[in-house]
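For clarity, chains are labelled A, B, C, D, E and F in written order, and residue numbers in each chain start from 1.
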Amino acid sequence: MVYVTKRLTFSASHRLHNPKFSDEWNKEVFDKCNNPNGHGHNYVLEVTIAGEPNPDTGYVIDLKILKKIVENIIIDKVDHKHFNTDVDFMINIIPSVENIAIAFWKELEDKIPNGKLYKIKIWETENSYVEYFGN
Amino acid sequence: MVYVTKRLTFSASHRLHNPKFSDEWNKEVFDKCNNPNGHGHNYVLEVTIAGEPNPDTGYVIDLKILKKIVENIIIDKVDHKHFNTDVDFMINIIPSVENIAIAFWKELEDKIPNGKLYKIKIWETENSYVEYFGN
Amino acid sequence: MVYVTKRLTFSASHRLHNPKFSDEWNKEVFDKCNNPNGHGHNYVLEVTIAGEPNPDTGYVIDLKILKKIVENIIIDKVDHKHFNTDVDFMINIIPSVENIAIAFWKELEDKIPNGKLYKIKIWETENSYVEYFGN
Amino acid sequence: MVYVTKRLTFSASHRLHNPKFSDEWNKEVFDKCNNPNGHGHNYVLEVTIAGEPNPDTGYVIDLKILKKIVENIIIDKVDHKHFNTDVDFMINIIPSVENIAIAFWKELEDKIPNGKLYKIKIWETENSYVEYFGN
Amino acid sequence: MVYVTKRLTFSASHRLHNPKFSDEWNKEVFDKCNNPNGHGHNYVLEVTIAGEPNPDTGYVIDLKILKKIVENIIIDKVDHKHFNTDVDFMINIIPSVENIAIAFWKELEDKIPNGKLYKIKIWETENSYVEYFGN
Amino acid sequence: MVYVTKRLTFSASHRLHNPKFSDEWNKEVFDKCNNPNGHGHNYVLEVTIAGEPNPDTGYVIDLKILKKIVENIIIDKVDHKHFNTDVDFMINIIPSVENIAIAFWKELEDKIPNGKLYKIKIWETENSYVEYFGN
C-alpha cells in the first residue's frame, strides 16, 4: 500500500455563526470569526489516496487525474466563494474547518477511480490545520 | 544603513468591484474576484524599516515595538474583516492588493519612531505579491 | 473523529550533555551539540487534538483556547530560555528533541478541555523533527 | 515509541515510459512525463525511524548518523542523476515516485542501526508526495 | 510605482557542458552538474512587473493575464523538458540558471501589455536562486 | 549584471546585553532577549553576489565554491556556538541580528573570488530578517 497526496489551494470567505443561538452567544463563542461581513483564508487542501501501484504505470492513481477530479468536485465550487452562501454542499453547516473537511470527504469519497480516499487535510492558516480519515 | 523587516499575517475578505462601471464590465474585468459575496485570503504583510543600528542596542528599531505598531495601526483593523465594508481607511478604494499596499504605507509612514519606512510587501496568495516603496 | 492541530514556535537554547559520563564521551557522542556554552534553535511545535466536532460550534476544540493553553503551559516556560537551566520540567533530563517532546506531552496531557491530546510534533531544524503519541 | 525524521533533498531526472507498451500508449498515459529527453525534480526525502530514546543519549538514533547512512545508500546514488539510466537499484523499474519510495525502502530497511525504519516520504513537487510504510 | 510579482513553477532537466572544452575540463568545472544523462529541478520562477495601478481596476497588470503570458511564452516550452535539447530559445546556451534567467528576460521583455518587466528571479533549488533586472 | 544567492542555515545562541548599562536597563530594553543563560535560533543566511556570468561556464560564481567559502569563513565559526562567548569576530559586539549581518559582511567582503558581495540577508525567525548592502 502506498499513499499518494495531491496538494491544492483555494481562497474563500466564511463566517462562523450558529443561527440557533443569539447574536451575543455567537459573538462570545466565535469572537473575530463571527464578523458579520465574513473574513477569508487561502485554504490549502491535501487529498490522500491509498492503494497499490499499477504495475503498468507505477501509479496508485495518476495525479493529473486526481487533480482534475478534486478541481471539478471541490475547487470549482469553493474557490473565490463564500462558504455560508455560495457552496451548495455546505448549506446549513457551520463552516468550521472541521466541518469543511468532513463535507469534502463526503463529496469525494465515491469519486476516486483508483485506490481509496484515505485522508482529507486542510490548512486554514499557516498555523492551523485539520485531518479527517472518514470516520 | 541596515534594513529590518517584520512579517505578520492577517485573514480578510474582499471583493473587486468598481461601482462606476456596469455589473457586466465588473464581471468581465474582475472575473472570480468579483463574486458578490466576496472571497478571502491569508495575507502576509512584510514591513521594512531602513536605518542605522543604535550603538547602545544594536537595533535599527526594536522589532517588538514595530510589531505592536503594525498590529495597532493595521492588523487590528483588517484581520478577520471585509476590506470593502469594515476598514475605514479603505472606503471608496478598490481593494486590489496594490491599493492595499499603498493604503498601508499611508497609515504607517509617519508612525515609525526609529528609522524610516522603506517597503510594504504583501503576499495575497502563495503565488502573488506586491511591493511598494512610497512613490 | 477529526484531528485538529495548532502550530506554535519558540526560540530556546540547549546543550546535549550527560553528566554521568566523561567530557570525552560527551564530546564524542554529542559532537557540536555538546558545545559548553550551548546553541539554539527556532523550534516549531505542533499540538494535535483528536475529537468529535461539537454540533453547536463545529469545533473539536476552539483553536484560540488551545493556543492559550499551550502558551501558558509550554511556550511561556521555554521561549527565550535555556532548556538545561531555565525550564523546571526539564531538570535532569537531557534536552534532546525526543525528550522535549515526551516532556511536553506530560505537561499537556491532562490540560486539554475538549478532545484528547493525540500527537506532539517538534521541528528542531527545517530538516529534522520528532513525533510522539504518548506511548 | 518516538518517531524521528530526517529530511534530505536531491535533484534528479526521470522519464515515465513502459517499454512493454507502444510509444502511443506511453504518450497517452504518461503525457508530459513521457518526454523522450526526460525532465527533473528537486525531490524532498523524509526518512522516519521509530524507536525508544536511548536513556544515555536521549536519541532514538543520532540524526547525524542517520543522515550519513541515507546519503551513502541513497543520495549519493540518485543526486544529479537520471533515474532511468544511472541508478542501479532502479533498473527495469518505472521511476514513478511511488516506485522510487518502495525502492528506497528496500535499500534502507536493514541498514538502520537503532530503531526501525517506519516511513519513506517523498515530495516530487511542492504539490505532490507519496508515503510508504513497508507493506 | 508598485511592483507586482507572479510566482510559477516548472520541472525540467539540464546538463552543464561546454562543447568548446574537453570532457575532462567539463567534468572538473561542472562536477555533478555535468552528468551525461542530465539531472533536473523543480524551478520556481518569479516575474515582477513595475507600473502604476490603473485607477479603474486597481491593477498594475491583471495577474491572471500575466500568468497566461508567462505560461504561453515560457512555461509551456520548458516544463517537463530538457533545456539542452528541447527548448528552442536555449539552443547553444549553457543552461546555467544565470543564463536561463537572461533568456527568459529576452523572451518576455516586449510581451508585457501593462507596466514594464522589472525582474526575473529563478530558484533552482531551495538553497540557490538568481535575479536579473535586464542589464 | 546577474545576482546569485546561496542560502545556508546555522543554529546558534545569543544574549542581548550591553555591559555599559545596568542590569535593569538591559532587562527593560532587551526583555526576553536578555535572559542570562541566552536563547537561540535557527538562523537562515543568504549571501548574494553580483557579477557578469562567465561565458565559458555560465556562472557568476560557482555556487559550490561560494558555499565552501561561506562555510569556512562563517558557518564553521557560528554553527552550534554562542555568539557572545564563542565567536572571535563578534567579541564586544552586541549580537543583534543587525550587528551579525554587518560582521558577516566584513568577514566575507574581500573573500569572494568572482563577482562582488552585494547583500547579506539573515532571517532570525520565520517572522523577522535584516538585509545589509555594505554601507
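Throughout what follows, contacts are C-beta pairs under 8 Å (C-beta built on N, C-alpha and C of every residue); 3 or more make two chains touch, one makes a residue touch a chain.
Owing to the predicted nature of the structure, the values given are computational and were not obtained by experimental measurement.
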* Structure fact -> Sorted by label, the chains bordering both subunit C and subunit E are D, F
* Based on CA centres, what chain would you say lies at the far end from subunit F? -> A
* To do: If we define chain centres by averaging CA atoms, which chain lands farthest from subunit C? Would you check?
  => E
* What is the distance in Å between the mean C-alpha positions of subunit A and subunit E? -> 33
* Asked: From the C-alpha centre of subunit A to that of subunit C, how far is it in Å?
  -> 29
* Asked: Considering subunit C alone, which of its residues make contact with at least two other chains?
  -> 126
* Asked: Which of line, ring, star, complete or other matches the graph of chains that touch?
  -> other
* To do: Kindly provide every pair of chains that touch.
  => A-B, A-C, A-D, B-E, B-F, C-D, C-F, D-E, E-F
* What residues of subunit B sit close enough to touch subunit A in their complex? -> 9, 11-14, 32-33, 35, 37-42, 79-82, 84-86, 125-126
* To do: Please give the residue numbers of subunit E that touch subunit B in the complex, ascending.
  => 1-8, 53, 56-60, 62-64
* Would you mind writing out the residues of subunit F in touch with subunit B in their complex? => 16, 18, 20-21, 29-31, 93-99, 101-102, 126-133, 135
